[in-house]
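Have a look at the structure below before the remarks.
Labels A, B, C, D, E, F, G and H are assigned to the chains in the order they are written; within every chain, residues are numbered from 1.
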Amino acid sequence: MSAKLVQGNEAVVYGAFNAGLKFFAGYPITPSTEIAEMCSRDLPKVGGAFIQMEDEISSIAACIGASLAGFRSMSATSGPGFSLMQENIGYAIMAEVPIVIVDVQRMGPSTGIATAPSQSDYMQVRWGTHGDHPMVSFAPFSVEECFTEAIRAFYWSEKISSVVVLLLDEVVAHMREGIDIDNVENILEVPDRGPFSEEKEGFRPYKVDRDKGAKLPPLGTGYRFNVTGLVHDEMGFPVEDPEKTGDLIRRLHNKIDAVEDEMASYDERYTEDADVIVISYGSVARSSLRAVRELRKNNVKVGFFRPITVWPFPSKRVRELSKKVKNIVVAEMSMGQMVHEVERSVGDSCQITLLQGIKGELITPDAIHNTVSEVISK
Amino acid sequence: MIGELTNKYLRMDRLPHMWCPGCGHGIALGALLRAFDRVKIDKDKTVILSGIGCASRAVGYLDFSTVHTTHGRALAFATGLRLLRDDVKVIVIMGDGDALAIGGNHFIHACRRNIDITAIVLNNQIYGMTGGQSSPTTPQSRLSTTTPYGNFARAFDFCNLAIGAGATYVARATAYHASLMTELYANAIKHHGFSFVETFTQCPVNYGRRNKFPDPASMLQYMKDISVPFKVAQNMGSDELQGKIVIGELIKEKEDVELNEVVRERIMKFRGGAQ
Amino acid sequence: MSQSSHLEPVVNRAFCKGCGICIEFCPANILEFDEQRKCRVTDPEKCIKCYQCEMRCPDFAIELVEKGEKK
Amino acid sequence: MTKELRFAGTGGQGLILAAIIYAEAALYDGHRVLQSQSYGPESRGGASKADCIVSDTEIDYPKVYLADFLLAMSQKAFDKYKADVKKGSVVLFDSTYVEIPEKDENIIYFSAPISKTVRDKIGKELASNIAALGTISVIYPLVGEEILLKAILHRVPKATTELNKSAFNVGKKLGKEILESQGSIEFVF
Amino acid sequence: MIGELTNKYLRMDRLPHMWCPGCGHGIALGALLRAFDRVKIDKDKTVILSGIGCASRAVGYLDFSTVHTTHGRALAFATGLRLLRDDVKVIVIMGDGDALAIGGNHFIHACRRNIDITAIVLNNQIYGMTGGQSSPTTPQSRLSTTTPYGNFARAFDFCNLAIGAGATYVARATAYHASLMTELYANAIKHHGFSFVETFTQCPVNYGRRNKFPDPASMLQYMKDISVPFKVAQNMGSDELQGKIVIGELIKEKEDVELNEVVRERIMKFRGGAQ
Amino acid sequence: MSAKLVQGNEAVVYGAFNAGLKFFAGYPITPSTEIAEMCSRDLPKVGGAFIQMEDEISSIAACIGASLAGFRSMSATSGPGFSLMQENIGYAIMAEVPIVIVDVQRMGPSTGIATAPSQSDYMQVRWGTHGDHPMVSFAPFSVEECFTEAIRAFYWSEKISSVVVLLLDEVVAHMREGIDIDNVENILEVPDRGPFSEEKEGFRPYKVDRDKGAKLPPLGTGYRFNVTGLVHDEMGFPVEDPEKTGDLIRRLHNKIDAVEDEMASYDERYTEDADVIVISYGSVARSSLRAVRELRKNNVKVGFFRPITVWPFPSKRVRELSKKVKNIVVAEMSMGQMVHEVERSVGDSCQITLLQGIKGELITPDAIHNTVSEVISK
Amino acid sequence: MSQSSHLEPVVNRAFCKGCGICIEFCPANILEFDEQRKCRVTDPEKCIKCYQCEMRCPDFAIELVEKGEKK
Amino acid sequence: MTKELRFAGTGGQGLILAAIIYAEAALYDGHRVLQSQSYGPESRGGASKADCIVSDTEIDYPKVYLADFLLAMSQKAFDKYKADVKKGSVVLFDSTYVEIPEKDENIIYFSAPISKTVRDKIGKELASNIAALGTISVIYPLVGEEILLKAILHRVPKATTELNKSAFNVGKKLGKEILESQGSIEFVF
């Protein structure tokens, strides 16, 4: 097939199908609803199941259940629903159950403006659930990336046996671009779970190396162990021993740290000779790209940096870049959230200027253009 | 008998269990093992889930695939787990707070969907695990740590709620009626669709002590005294039934469509079309 | 429940938590507390094999077993 | 070449579909495209818009900055979006709902009673969006009519193929009448 | 008549409302205004809350103290608001998804508590606001954007659920029965304790269109056709009632204790003791 | 009365009563339950109401409702319940409804260990709900401070018309100390809401200065306006206008910024001549204090800094201090959360060393002692 | 509903959204769409003052008012 | 002066209450105090502890580091906590449940059949915690017996006043017997 006109949300579903999605549980919410709707239509065709649950809490619970049953599972929501999912997100992290959650960001806080774009869930993705936990999140900026990052989300959720959040914003979710789904290159092959030991009796899913994720065979296939959100031993049974507790919490983090470099992904352009670098992600990065291109036309030495793996934040690269430039401009559709990570990465190496976007509208190339110009002229 | 069953179905290395002396949850667990034996359950093809609470700790002793979920959400986990897995039996064990306070919504929706899951609620009319706060089934005027002057809220009739929500198998026993319990659990497991067995259990530590029950046995005796078999209850007026517990099978429907069947049907239709 | 006369009630003291339920409901009245508040069978011969103790023990601590098979 | 098109009107008029069809046709035609719209409760009563960017290079910023082409099917929508067009842009009104504005040196105004004509000729005013595409294919031939028709038939329910074909033809006819009366313009895309 | 009422009870500067042409929610709002007039409501001593959805947007037009809460939670907000305020009437307007999907738990607990709140659910059997997904009351086999092959889940009978949960006033009307609606709303507001009126409304855009209703009027006509007054229904078998809507007052209890009363009593006891 | 033996959780309730608490809605959860239990016993005595709700979502909803009705309201919970409250926390922030939430931190993620102490909800307090929002939070370290900080929480929640989180940990919540409640000094007087304009017709609760909180008269008293979680106008009705949207979001932040200095509170000791400063809060700060005192006995120049207002984090003071020392040691019962704020504040001014506590136990003075010694000897 | 003969149905065109409900259910058959799909009263005299239109109009757009009081 | 006391046993023995009472008494006595305990499901079956720090200066670290005094009312609890005591500390066992350990140069062991005596003399073993306080008041007189009794009566239900007084006396008697048989020790607090 040649290119089709596909919506960002639809591309996420195409990507999920490519990655082997078999289960979707969700609750409608703008601007994510198309994902659920498409799954309701197409999942049965591949032998999968769609279920609309009574709310977002049960949606993610059902996804965790289906994943434990052996199926690749996904839910999609937006801020209000994402807030409700937080407790069970922590469960999936603690019990090490692979699932993918799509959060299509809209204007908050609270109900905010359901149809207005925003990037103000960025910190929530990382810190929304209680307790110490790591988090992995990818943020596409085009329809094609919605497709490829959805696949990457499944790939990594299986690899680390945990939650991956695919972080969209309303603009990316709702725009349509041409994409030839069958001919996208460098598609990751999502690994099957396992292999599991032949010996089912006494199988210990949480007996893994200090920097590896659990190995969870589908429940009800003869491997009998326990899954819990409590601190647990190698077979999944509750323990309260301080050493075992520390080891578990540390392993949950180690397993991400161990693959951080491999998982890191960013889009860097025009940085070689740059005096200023614009950092942004998602739809705002498209405005940035336009602004940077226009500025380059005027011979302004401005660079472009876009984290795609937004959690863990690509700190090392940003720190390196910060040592080569005088200024970093961070543009976000928020009061400034990713800028906190930039600050932590940069220290005092260069100036940081924040361009906030809090009007429920995509930040324009003009605004970025102006900010860069101001920063330079200072 | 029970020794054989515990050996077969429990993780002996984890016993004795953590429940307090005289806790009714243990009686229910025993009845469940007997029911397992009766229906010849396949340990490898059964998944048992629970929420959070004393009742939910049951899964920590069962030698099955077990999932100890979050407070109140076990049925939602179970729904996802069951949907594409016709090969497994799914059993969910919950406390009254778990199933009806924080988990009330998932409970009524599971009833509505008629998905093939067996839900067993161990209703001790109190939050045991957190030290004795009132639950939605604590009877009026009873004492708890959050109703120090007597509970003023009305209590749910758990089975009526299940029936109102459309459940197709609804039954009730008490810890006193251990053999009825076994029978109901077995029938519930065999039921095609959503089945629900409410089981009154005693929490001597956090309910009994505060409400003038001198010991666990007296709580069982009380349950015996206020129980009325369903058949008998049908000929009693609502005044007579005040303060009574109706036990037995309250609803046992056959005709209704089970959710999984429809899901499977749909998939088969497409698969048939595709291949 | 079969009333086989070769059965007798046996208490697993490691499991018994001394709740007294079996003692209260034993129709033969042959169960009591020992000094450490665990269940003790006073007169196994009088047992009518009704299984009430076994069915109601919350701790799987009392069981009717083949005589002499005491665990 | 980059052209920014906007389809504006009220909620029920099917302008999002029109924009999707247009974008898909442009895609078939070998262009890069980006289609977007404003959603939301306000799109029920008030003015709503659907945008379509057609280009031969990478499209970075995904919104219409200043439109090269504006279809205005309601008065509110026209009033709201009339300022966001380029110098030299083309605006097509549905005169059923929009009052013809005063002349503007910088803008090429075309108008036709699209909805009324569809209502009269086809019976179902619903198809006015498809008719509008027909009109556009004639007066602003960035994407050819055949490829546009192909895209239409790909997106509308099978059962409505004939209805939509007729609507498209009605629209084309209106387009031709416009050109006849107003004189045609050469566009270089 | 209606002009006077809209002037009196609505914020005229915010009209026309945002509901689509032919939306049944507007009919219900009209009936509510008539009920207000009938019970001589005090605008300054009434608080109206809602959740999120098309139905819930009603509060945006009512010239009262209004609270547009979060999706599904209006009854929980209302419970807190009401508890210490015996001087206000509290009315809650919700959609079917709002009240029974995400808000199901708060709904059954409000029924149980019998707190003095009037809950009006505008049941259009669909999620209108988000564009037509199925709701827990969407009838089987009906189409929605998330049941593209027909809804396979069973639907709740909203009133049965309320009764099962212990509600003391349960009634039902449809948008066709506008004057019955007015009467039920008025009676519900007058009821001492929790009162619930389910109102079937039409969503021509997101339900009607997909389910072969040519226009809003045909949806009203359908409601009329399938409605059976409660009195008549009592003499009908369950087979006969299949696919029908029973309208009127289904439950209207008097004796039961209202939650606020007990709370007040308790406070008074202490105050009496203290002063 | 003279000193009584009071538990941290109890002291919170005494403080709340002192501040005029009239409404508590909650759902039991260890280690916060004593707060609910004490409220159930004592609220009726002051004409207030206690209600145990069906879950944490409805608990905070009921608190918001009661606050709108004109009563000082509080709920108390721990991680799992706090996660569930997140959506409605955002609502209270957006609608500007004053409420106080006590989060008694326990070991997470997920159910974790219900009875083990932790400080791993620190970032969640700030970022747990979706959308751009500010957050205010106070963390006591003694029973007396549980009392005084509870009062401060009410004071500021009324002043800014928003949510204040009183952040305890299991150790502080459950320990008992002697306190003479009736003779605690410098108690704040929590202001009444209002005064409100005499003119009720057309009253606009959200018509306030650009850096002020809303003025919400009790509902059902003749002031007729709308309260919503949507972006709204001055009367509380939904708007989507970009300028008004931006103004609202900015005001929600401005109103906190404007009082940040006044609200700031920290406990600083031995910093004058310090080479190293130990930063910690809550119960860990008590271990730090012991360690610092012991080190001082050995003539080690170590200082002690304890944020009491933990959000907004006292960045300015930490930055100042960082310029005077070579090292900062941050000790937290977590993988490191407050340390992120320290990093942002400090930049490259000094070295930062993190002492993690992830075993479900209070960090010991020894561990802090050792860390400081190592840092110094390096 | 009082059948006062001094009343007549009047449409508020600013509010009417043309849903057709009143038209369908008017027993006197005196309501229809105008060109812009708004409700129009064809023959006010034939109105039987049943209030069905007013009660079922979702938009408060049709009302029985004192004759001549047309708004 | 700072003394760290630990009361250890199993869930149902009321040791938290004992620690609270002890702390309250010390508070009445003009000391600074800090009382804490381990909670949790494990406290049901397993070993549980309740701690009490009594001091005349500010108490910073709120946990018992190494106890000056340990009451051990169950074997498990003794095994678990026996290592966490200072040199020269005092350990009191309830010999009803704890086997008397081998002599340890560094620790002063006292023992008495507290629970058994209470069971025999009072009938309700439940009151053993109060009896233990009585014993402690004699053998480790950091807080005087009168003030301890006052604290007890403040914390227990009115209806049980007499019962608890008797238990306290039973405990005191046991304490005196210990001192008589083992010889008394001078403590300087």
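In the analysis below, contacts are C-beta pairs under 8 Å (C-beta built on N, C-alpha and C of every residue); 3 or more make two chains touch, one makes a residue touch a chain.
Only a predicted model underlies this, so the values are computations on that prediction, with no experimental measurement involved.
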Query - Maximum centroid distance from chain G, chain identifier (CA atoms) - result: H
Requested in this report: Considering only mean CA positions as chain centres, point out the chain farthest from chain A.
Outcome: C
Query raised in the report: What is the distance in Å between the mean C-alpha positions of chain A and chain C?
Result: 59
Query raised in the report: In whole angstrom, what separates the CA-based centres of chain C and chain E?
Result: 58
**Report entry** Chain centre separation (chain B, chain H; CA means) in Å
**Finding:** 42
Report summary line: Residues of chain D that touch at least two other chains are 40-42
Report summary line: By the touch definition above, chain E meets two or more other chains at residues 16, 20, 70, 102, 104-105, 109, 136, 149, 263, 266
Requested in this report: Spell out, as numbers or ranges, the residues of chain C touching 2 or more other chains.
Outcome: none
Query raised in the report: For chain C, which residues are in contact with chain B within the complex?
Result: 14-15, 17-21, 23-25, 51, 54-61, 63-65, 71
Query raised in the report: Considering the complex alone, what residue numbers of chain A touch chain F?
Result: 57, 78-80, 82-84, 86-87, 90-91, 93-95, 105, 107-113, 115-116, 118, 120-121, 123-124, 126-133, 228-231, 240, 242-243, 245-246, 249-250, 252-253, 334-335, 337, 340, 343-344, 347-349, 358-361
Query raised in the report: Okay, in this complex, where on chain B does chain F touch?
Result: 52, 70-72, 101-102, 104, 127, 130-131, 133-134, 136, 145-149
**Report entry** Partner chain B, residues of chain E touching it in the complex
**Finding:** 102, 104-105, 108-109, 112-114, 136, 149, 152-157, 160-166, 256-257, 259, 262-263, 266
Query raised in the report: In the complex formed with chain F, which residues of chain H make contact?
Result: 20, 23-24, 27, 32-43, 59-63, 65
